[in-house]
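Handing you a structure now.
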Amino acid sequence: MSEIGNDGVISYELKEFKLFEPLFKWARKKSLWIVAFCTGCGGIEIPPLATARYDFERFGIMPNPSPRMGDLFLITGYVTPKTLKRIIITYEMMQDPKYILAHGSCPINGGVYWDSYNVVKQLDRYIPVDVAIAGCMPRPEAVMDGIMEMMRRIEDGTADGWKRYRENYEYYRRNQDELFGEGWREKEARRWLAWI
Amino acid sequence: MDMNEKNVEEKVEESRPELPDTREGRLVKALIEKAPYAEGSVRRERRVEFRVSVERIHEFLELASETFEMLMQISVVDWIKEGEFELVYQLWSVSESVHAFVRTRIPRENAKLPTVMDVWPVAETYEREAHEFFGIIFEGNPRLGPFILEEREYKKHPLRKDFNMLGHVKAIYGEDFDRYDESKTNYVI
Amino acid sequence: MADLEVPNELRREAKEHDMYLHPIDRDTYELFFGPQHMATENFSIILKMDGNRIEKAIVNPGFLHRGFEKLAEGRPYFTNIALLLRICVPESDVPENIYSMAVDEIVGWEVPERAIWIRTTVLEMARVSAWMFWIMGFGNEIGLYTPGQWAAAYRERFMRLYEELTGGRVYHIYTVPGGVRRDIPGDRWLRQLRDTVEYVKGKMKDFDEILFDNYITFERTEGVGVMDKRFALKHAVTGPNLRATGVPYDVRKDDPYYLYDQLDFEVPVLKEGDSLARVLIRRYELEQDLYILEQLLDMGPPSGPYMVQDARLKALPRFKPPKGDAYAHVESTKGDFGAYVVSDGSHKPYRVHVRGPSQSHGVTVLEELLKGARLADVPVILKTLDNCPPDIDR
């Protein structure tokens, strides 16, 4: 999907489809599928969101187990290094365009676990976060607001985390390797998924 | 010398075996008669306490498992000033409805204990955890190693009192960990 | 499948790159179940499969480890409440209560009657909302999505009540050593609670029809993951899982705390010890909990203070209990939840050790029960054991 133009800027859309770009953005915005990977305590607020009281399916949002079909990755809560490995692999398995919604205070700066030895302090260094919701635990309304913000950003094109991840892959990769140690993909991630 | 002092202390405590004539008191009495090397006391209703030396802990727990069917937890307390780990085996008796603390102390350096996996298979999990967080070696447990933690934290045994948590976090996360006050002028940590 | 051969070049290449080759020429393979799976909730099991049967299961927890016990050593006593309740997410009142009970015992506080009534009610509400959450999880695992939708909606009613009482939906930070943080908002709240209990009680029939008396539930759970009494005791299985094997052990009866020795309720016991028994036990317990809540409402909150009167509480951050240690445990929906708190006389606890029920039934028991089970039984066994990974990791 990507190609390098004469000016060296990577363009992610095929030229032939430029005309339909607003349509695509609208469609992406209206059918966000969530990767059902509840990473932390925020996962407990996803079932109320998905069911009767806050029913988010009316916005075209649906939990889906497969990362290959997901658009929206909810990081629901603190991230430990052990989970972060899985998050990175899951995120890289998702198809472009993909968006990350960080949920709660912990992915922003560690939250209550600011001094914990096993909680990642700033998630944005390892994977690109598009929208972050503060609070512990954020109310379902706050999550809904975050999702609406995500939709707005998708429409005006500022939800560009997946582009940033491609363009600054070296930076993210360096940070990940610093945290986990060189060669963690070969040593560990290959065991879970042979094709990495 | 330490050992001698401790023995004296134990003797002093042994000299007051005023066990009340309650269900708990009778239970402790019965167990102490079978295992005279242990000392027991009643803390309150449904809470009893035993102190056993580390050499005979396995023997005692095997004996106690007849009354106390369940091993709820192995709690480790790191008494760093005394240079000892205190292991508290939390037992629960379903038939008698009594909770027992079985305490034993081991030196912090090269802490080694026999496993109680043969008495309660669930001890495997508790021992793995105690090994991971405190570095105590349970002889006979085949699965000691990184369990909850990953390699880097596992090597440091983070729940030991001499583990410098803030220093460790600062070393790993660097600038992310820096905390300033709201005006961004004063460095907090 | 079995006749397919892997080309030798591919085999060599895989070996060179230290790559795990999915063996299409053999029926045995390694399957990584979780953490990206709704049933496991951040918990991973490495399954050694032989066709559709599990030969060996290795539990791999630790995705939720935050080092609570270390963090608690660095925070004052009352601050720890805001931290420790995050151990058990579906019923966060349980860690609050065990920690508060243990500190109460160390200090020697007699908690006022009103606070005890509130604590009991909050714990029972936590139990009912956790049952609702469990019904949803279990229903979803076996493909019955409707009861889950209902249960989540009924849980919301309790969440609203919690919000009015404590100010929080999931994390309440409500029970503190010496009492509770706020008083009951008023009689209106009690009336709402009674209405909610009545409402949920009226819905039990619907749950029976659609979930507990359902052919699919029976087919999926009967004879799956059987454990006997001796095994369960040796593995320190507690709570509904133990009662499903025929041992009538309930902390509320056997080590009564709060008002439970004055309340009239039964401890349901079944003998089979399979997944179906565990499901049915939970259904009976839900009924008992609703009954207990009704009794509590009939009793009504006693008048008086809701917090212990102590001069030391004036300067909370420097509050210092005497030296000592205490173990307190309560009956959560998962089982026996205990906390061991050691105080060395300073303003921070010397050691806090939490015993989560899943520590026993989530590791060794799960590994044993999964042996010989089918792949499709894994979520059923996980959900009927009601495994809660944060208990193990902490």
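By written order: A, B and C. Residues from 1 in each chain.
Simple rule for what comes next: contacts are C-beta pairs under 8 Å (C-beta built on N, C-alpha and C of every residue); 3 or more make two chains touch, one makes a residue touch a chain.
Please read all numbers here as calculations on a predicted model, not as lab measurements.
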Compare the CA centroid of subunit B with every other chain's and tell me the farthest one. A
For the chain pairs A-B and A-C, which is connected through the larger number of C-beta pairs in contact? A-C
Subunit B and subunit C: spacing of chain centres that average the CA atoms, whole Å: 24
Cα-centroid distance, subunit A relative to subunit C, in whole angstrom: 29
Taking each chain's centre as the mean of its CA atoms, how far is subunit A from subunit B in angstrom? 42
Check: subunit B positions touching at least 2 other chains come out as 149-150, 158, 165
Junction residues of subunit A, two or more chains touched: 82, 115-118
At which residue positions does subunit C touch at least two other chains? 62, 65, 67, 70, 74
In the complex, go through subunit C and note every residue touching subunit A. 14, 17-22, 32, 35-38, 41-42, 62-67, 70-71, 74, 82-83, 86, 89-90, 133, 136, 148-150, 152-153, 155-156, 159, 168-171, 390
Contact footprint of subunit B on subunit A as seen in their complex: 81-82, 109-110, 114-118, 120-122, 125, 179, 181
Tell me, which parts of subunit C touch subunit B in their complex? 61-62, 65, 67, 69-70, 74, 233-236, 238, 247, 249, 254-255, 327, 329, 336, 338, 340, 342, 350-351, 353, 355, 359-360, 363-365, 392-393
Can you check the complex and tell me which residues of subunit A touch subunit C? 35-41, 43-45, 47-48, 50-53, 63, 65, 67, 78, 80, 82-83, 86, 90, 112-113, 115-119, 136-137, 139, 186, 190-192, 194
Across the complex, what residues on subunit B touch subunit C? 46-47, 69-73, 75-78, 88, 90, 92, 94, 97, 99, 101, 120-122, 124-126, 129, 133, 147-150, 158-159, 163, 165
